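Presented below are the structures under discussion, each in the form of structure tokens.
Both of the next two complexes hold chain A, though its partner changes from chain B to chain C.
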Partner chain A sequence: MSNLLKYMIENASMILNYANTHFSLIFSAVVISLLVWVPLGILISRNERLASIVIGIANTIFCIPSLALFSVFVTIPFLGLGRSSSLLALVLYAMMPMVINVYQGIKVVDKSVIEAAKGMGMSSRRILREIQIPLAAPVMFAGIRITVVMATGIAAIAAYIGERNLGRLITEGITRNHVEMILSGAILIALIAILFDTVLGAVERMLVPKGLKVRRSN
Partner chain B sequence: MIELHNVTKIYAGQTVPAVNNLTLKIEEGETCVFVGPSGCGKSTILRMINRMIEQTSGTILINNKDIRETDPDRLRMGIGYVIQQIGLLPHRTIAENISIVPRLYGWDKERIRKRVDELLELVGLDPDETRSKFPAQLSGGQMQRVGVARAMAADPPIMLMDEPFGAVDPIVRGHLQDEFLKLQREMKKTICFVTHDINEAIKMGDKIAIFEKGQLVQHGTPQEILANPKNEFVRTFIGYDRVVKMLTLFQVRSITKGNYSIIRENELANIRQKMDDEGAAVGILMNESTRPCGLITRDDLEKAGDVSPEKIKEIACSKKDAFIDGDLLLNDALSLMLEWDSDYLGVVDGTQLIGVVSLGDIRECVRRKEGE
Partner chain C sequence: MNWERYLDALSRVPHELAIHIIMVLISLAVAIAVSLPIGVILTRPRFRKLGALVMNILNIFQAFPGMAIIALTMPVLGLGLKPAIGALVVQALLPIARNTIAGLYGVDPNIKEAAQGMGMSEKKVLFEVELPLAMPVILAGIRTSAVYVVSVGTLAAYIDGGGLGNLIITGLNMLWAEFIIVGAGFGALLAIFFDRGLSYVEYKLTPPGFSIIK
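Up next is the complex of A and B:
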């Protein structure tokens, strides 16, 4: 234990640097994923054919081992080693949990609520905006939180393709058989995941409509 | 006015029509109740009228205009719709739920606020207590009442109500029905009201349309249908108490007669003489404050034989509760006659005596109505 602390303190600037890179990779991956996959999830909730195609693709990508996906991207000229490949891989992995949760969230909204709203003359855009999306919020958030925790883990593997992040502590630690190094990498990765999840939990509590929480507390 | 001409609906992937070649007219200001067993197509008809679904063939006209010529959202804004499953928005407060259509019309806040409170009162919910609750905090029956309030929010001239009182207990249901009838007498909306409860249909409907497996079996006023069930299906649907149900259509007041004598305490000794002179079938005992406090029929007197005035008073007073309000219905009168084992009941308006009603009169009424 004291060895671990000693190691971390001695290498503080390097570790912080790695943590910073790790954090920024996840952060950009999540932001891009939100911008791309949430609208796509909403879009496919209105078109069943498109939905089955998109969900098929998302599932397939998710099945590719991460190391393999990273390596494939490295061979593509304009991606190469480093940030672009890692980012693209993370965003693609996020497709499955995000798109499917957004889609499911909208789909599971009580049919009778939609029927009533439509029957009162609300346009379908208005129903989407005022009813389906707010009601899908809890399921969407579940997807986003899974994505973030997952991305934190997978980002570590990007160390193999040149990302200088916490994954490096683990890969190098393994080759050098350096326990403290491996442990500090693993612990910090877990901490980042917990940090993200906590923040998102707080955001969720703010954004999920109050009327839904009433039901949950019963 | 809503008109359906040869309307058929076959759902995608099905071969049997959910609604088969239906021609039906619902007049302006009329409440038409659709009844029939589960799955006979009642909800389907409502959903075609507000274009939630499109009919497979036939035409539907609202005020002589084909509904397909109106933008569906516009059309629906003008039609109050209470769905069977209630469908309140769980993330919106009760006030917000009720104000959906007024908001679509762009009413200002103050007008909406007033209207919400008015509607909550109307459906028997306390505005201060209910307004800012969420649907999950209400009981099923309360939610249903909010559903009705929501459909009436912008005062639409047409209402489609799919089992609007299905989830409330019989007492509240009766109360809501009464309230709604009272309101409807002023509002004169054109209403399609779905239920599978024949009693509700008889009570609420100006007209009743009975359906079986997508087919209109009989359409007419409650009295027409009760007096002349068209076939075995309708007969079974109405039940063995068909005639008693028919009695629910008439108030006691409507057959009340004046063949009674008022008997004061000091007239008890020559009660027979007085009743003979006045050609009365019943003697109503009055106390000093001219309130009816007892009732005795000719039969009672005959059975009693030659007895003292005290005894006559005792017999009369044993039926001191055999008085019924003129607003009550003939089935209630019949039940009370059986309860008091009396062929006659006194009829009052508040505390004021207005006449008597007899078992014979009820039978006579049924005979007359069956003949019509």
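Up next is the complex of A and C:
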């Protein structure tokens, strides 16, 4: 344990550097997936046939082992080793949690609420914007939370395709048989993932509208 | 593209695929044998408080990245296939235990009461009412675990566990696209195969009227 702390303190600047790349990769992946998958999720909530196709694709992509997806992108010439491949893979993995949560969030909105809005003379676009999306917000946010936590773990694997992030501590530690290095990488990644999960979970609970809280605690 | 290298990679597939499948099946079997009973015990009225606590802990551990677990087993268990299986078991335990607890909690208390009212013993309620009704959720957990284990199994090659990861790693190290494509392709197919196969079982075992809305 003291060896571990010693190692972490001695290499603090390198570890911070790695953590920095780790965060920037996760951040860009989450931003891109928000921009791409949320609109897609909203789109498929209005078209059942498209929905089943898109969800099937998302589930299939999610099954692909992460090392496999990362390394396949490496073989595509214009992606190559490094950032663009890892970013693309993370965004594709985010498709499953994001699209499905947006879709389900919108779908589970109480039918009678929508009918009441219709009865008040709201157009379907206005119902979507003012009722379905706000009510779906907590579920959508749960999708973001899953994406962030998942990306933290999977980003580490990108170290094998040239990303210089916290996963690098693990990969190099395994090659060098350096236990403290592996431990510091693994523990830091796990701690960051758990931290993200807890913080975003708290935010998620704050997002739930007051009237819906009782249903959640059951 | 180099056809000879493709053939070389393909000739190694049966061996690596067999190791990969064995690795996945053993770790899944062990994980089911361990976490299903734990899940059942934790939902009994006697341990109900403990169950909620364990559920919270499992939720936190769900965030633990797979690669970290593989990496952490190496200092403890060393290199080879057995440590890799150990790491995969740890990995597979969580979703199954979690879904077992969630599934058993999800059974309508009215149904349980009705069964008790019909004079069923506690054991009979568990085996004939609760477990069948919770089965779809439990199976969903097993499916999540299976896909996860196939995925993390490719990383096992880094701690000398063998499997399809070997092909991918050779490809990455030598920058041979052929090895990467063959290894990754079969890895993806294996994962999709497990996913589809288990979702079919799940669909078949769901009692009519209790199918989960997807």
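We adopt the following convention: the second predicted complex is superposed on the first by the 193 of 218 C-alpha atoms of A that agree within 3 Å, B and C clash if a C-alpha of one lies under 4 Å from a C-alpha of the other, contacts with A are read in each partner's own complex, and residues count from 1 in each chain.
Convention: a residue touches a chain if its C-beta (ideal position, glycine included) is under 8 Å from a C-beta of that chain, and two chains touch if they have at least 3 such contacts.
Note that the structure is a prediction, hence the values are computed from the model and not measured.
In the superposition on chain A, contact of A:S86 is made with neither chain B nor chain C.
Legend: residue contacts after superposition of the two complexes on their common chain; A:S33 is shown touching neither chain B nor chain C. By the touch criterion stated above, A:Y160 is placed in contact with chain C alone, chain B being left untouched.
Once the two complexes are laid over each other on the shared chain, residue contacts for A:A116 go to chain B alone; chain C is not touched.
Of the two partner chains placed by the overlay, neither chain B nor chain C lies in contact with A:T21. For chain A, the partner that touches more of its residues is C, with chain B and chain C as the two candidates.
Contacts of A:T147 after superposition: neither chain B nor chain C is touched. In the superposed model, A:A68 lies in contact with chain C only, and not with chain B. Across the two superposed structures, the residue set of chain A contacted by chain B and also by chain C is empty. Against chain A, in their complex, chain B makes its touches with residues 50, 52, 73-78, 81, 83, 85-93, 100-101, 104, 134-137, 147, 150-151. Put simply, chain A touches chain C in their complex at residues 59-60, 62-69, 71-72, 74-75, 149, 152-154, 156-157, 160-161, 167, 170-171, 173-174, 179, 182-183, 185-187, 189-190, 193-194, 196-198.
Of all the residues in chain C, the ones that touch chain A in their complex are 60, 62-69, 71-72, 74-75, 147, 150-155, 158-159, 164-165, 168-169, 171-172, 177, 180-181, 183-185, 187-188, 191-192, 194-195. Residues 110, 112-123, 131, 134-135, 209-212, 214-215, 218 of chain A touch chain B in their complex.
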